[in-house]
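Both of the next two complexes hold subunit A, though its partner changes from subunit B to subunit C.
After this line comes the complex of A and B, so read on.
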């Protein structure tokens, strides 16, 4: 009989609400807002409340998909990254760096967000950087 | 107080009478639900008071319901306040599909202090299975007459439009355990509409008549600070007096879709 509640932070938005992910025999079964988290004091929005449902969803994407002949097909990371890098180069050469924009995320770390804007500004040469929290 | 609960839980675990003791555990500043199976761990037990009285309570009974379903052979101990025990008895009485039976649960109870009982407007701030604390007085709110009820209900609806459809009230409620919840149906919660129609909160209130144990966990989980317990009391009183509810709620005003 194994029940655990593990304290963690909501991956959905920049508020960073604290909650417990509940597992029974290692499988996620529920989410409980942390009453002692100073951020959310035992409250959550509808997204946070349902975090345990998407993590183990069979519909979750686990591989890169590339559209080939109108169909999305699973490809390797190497193929996906080569394709994206090639297209970024091509578009920048044909239309200039400001034809490309970058959308950062609240669901990744500060460091990853830093890298993304660095890549946009230093590698591609554009200030077109925006963020998913501008809802 | 806490020590008595710990001692009783240790006895129950050591004798093998229960397979696990469901309670709260303190780690650093945080308090969380925990299933104690190792008696040595019980020294980290918490009653659920963090900064203030009863401010770190969780719907342990709801969790027990889930565990009783997943582990149908086990017998459990559970730490209860007065309201937790009432929720437990309610679910056992309802005799749902879940194999949660009185014979599978040993409640280990403690009384709430008078200050908390006043704040909760609690009719009975102690459980029958009292192991720690004294049976203090209850502070149930006075029954209002019909005219007052209607005025209070109208005033209450003025607060309902802060609802943001998080369903935290349902998720935190110890007696809300239906696998398919009416509140989640499209008709009740149309997409791209905020706030939902008053029917959403009203329907929940009707489902709580005769079931609500007034623990206040719904209010504690409501990010909009809506006085839900008050609505549940009002509606229970109206139903108790046989007053038809049709027409009591104002007609929903069409709202512009929230822009996301």
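After this line comes the complex of A and C, so read on.
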């Protein structure tokens, strides 16, 4: 049995509680609060105690999907990303960079957000970047 | 955050969470803290145990109201009047901190002239809060050795949201309750990395670190750093993006980690706009209502499947660590963006999130001293300008504001965009329930949490239940000018007579079918917290 415990940060509210995700043979099995986190000092709320549950849900999206003939069908990453890159190039050429917009996210990491806004601003050439900070 | 940035020069929680436990008076306004931020509530209860005075102002009698020293139920949308009324009493009684005002602020005379008209009589008439309570709040807050304000979406999700925040900033400057331990104006951020998404430039008018895109020197700095030509024109906010899709000026929308179909007001209108896109891409961990309209759906990795950092509500940057491999063929969002950018023709070649943070530190002054090596342990609170800087627990120390002088704003109270009338006679407000989170994408896929609260509901006062002839758990129909939903009645005096509350987590009883898309003119936040509704017993 391969047991691991990984210190990380909660994805729910803005408190940012620290906890250990417990895994057995690559499966998430539990959450334990971090006693040394300055945010939660060994405590968690009901959402935090159950925060490992949704990650390996059978309902997770596992493959890129592309709409063909009205239906979303599974495709390879190559096909999905080539399609998006091609459409973005076409739309930028036909309608200009400001005809394209991006929603960044309060759920993804700083590094994820940084690259997304850099792609929008430096590659596409638009400042049309927002996220639901107001919700 | 626009309100705090205008007043102080920085749009973030001024003090740390732990400092709340040491405050002498805490005013909690528009924050259902025990439900939405349990570990902040923990500090409030500890402060209370230490002898602090806890004041709760919320239209709903939330859990924290039960232990507060003073609880007031202001009328929905009357916050600016309430805060001006408190300031009026403070000035009339001479409780203001004149030394602080003279040394560190500007705009005081205009503010003083404006609040002159917010007499206790007028304030009571607008807000429904008694003069006795107004005096109590004014005295306890102004005279406290350390007074702190905590607020959340109950203050901001209004057409007057920015005004409400500026009013709270006025109150803190008036009394000098800022720039010291356990004081300050403290917005609780609702999502785990909303602070970080703002810090990283996930906003239409700023680069990372709140550097304005329409300032040529900033443009030149980032053009050099990124090796690309950049636009000086600020971009569109979400409501303008939806309008742009509607009128055909916007053709493509890439949506990462959001579900605007459920999180934005007036759902029917949002659906019509999204359906007009020539290219709609969603990138997320679950299927959702927006993904069902998309041309391309990309599977992202969850927080447990990748490395990186989140920045919490108190500006603390903390390490997120990979515990398991991504499910199926899903990938971390940064990897997806990098691969897309390479195919688009703008090469990116980052080996890891740590390498991205190295670049972030070079262009973002607040993060200049942050690196993954330094984030082992307790994390670092920005601003952290150099590699040997310990980080910053509270902002504006000694009244030295980020913008120079703190700025008072003279602000009149305005009615909400929609008010009750004969046809729609009740006030509707929306918010969270303790078990669930946001649009429910994560919590409703968690079996334990789903079991605790499997379905939506509408809170109504016992008097309303009697008038409608419904009992606990019976279905009622809620209708506004936007649409209608059905939900089970929860009969409770948490809501006053004439008021209804609906949580926004449940797509089958979706609060945002009902809510008003009217926006704050500055920050474009929708008025989720107030609209007019009518109730019927479901057929």
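Keep in mind that, in the parts below, the second predicted complex is superposed on the first by the 96 of 135 C-alpha atoms of A that agree within 3 Å, B and C clash if a C-alpha of one lies under 4 Å from a C-alpha of the other, contacts with A are read in each partner's own complex, and residues count from 1 in each chain.
Note that a contact is a pair of C-beta atoms (placed from the backbone, for glycine too) under 8 Å apart; a residue touches a chain by one contact, two chains touch by 3 or more.
This one's a predicted model, so the numbers in the text were calculated from it and none came from an experiment.
Peer 1: May I ask you to decide whether A:129 touches subunit B, subunit C, both, or neither, giving the answer as first, second, both or neither?
Peer 2: Only subunit C; A:129 stays clear of subunit B.
Peer 1: Examine A:8 and indicate which partner it touches, taking first as subunit B and second as subunit C; both and neither are also allowed.
Peer 2: Only subunit C; A:8 stays clear of subunit B.
Peer 1: Should A:59 be classified as contacting the first partner (subunit B), the second (subunit C), both, or neither?
Peer 2: The second partner, subunit C, only.
Peer 1: Touching A:42, do we find subunit B (first), subunit C (second), both, or neither?
Peer 2: first
Peer 1: Touch check for A:29: first (subunit B), second (subunit C), both, or neither?
Peer 2: So A:29 only meets subunit B here.
Peer 1: Looking only at contacts as defined up top, I'd like to know whether subunit B or subunit C touches more of subunit A.
Peer 2: If we count touched residues of subunit A for both partners, the winner is C.
Peer 1: Please identify the positions on subunit A that touch both subunit B and subunit C, taking each partner from its own complex.
Peer 2: 7, 36-37, 40, 43, 45-46, 135.
Peer 1: Which of the residues in subunit B end up touching subunit A in this complex?
Peer 2: For subunit B paired with subunit A, touching residues are 19-20, 27, 29-35, 37, 50, 55-58, 63, 66-67, 70-71, 74, 164-168, 171, 220-223, 260.
Peer 1: Which subunit A residues qualify as touching subunit B in the complex?
Peer 2: Residues in contact with subunit B: 1, 3, 5, 7, 20, 22, 24-25, 29-30, 32-37, 40, 42-46, 49, 135.
Peer 1: Under the touch definition given earlier, write down the residues of subunit A that touch subunit C in their complex.
Peer 2: For this pair, the touching residues of subunit A are 4, 6-18, 21, 23, 26-28, 36-40, 43, 45-47, 50-57, 59-67, 72, 77, 80-85, 87-89, 91, 95, 97-119, 121-135.
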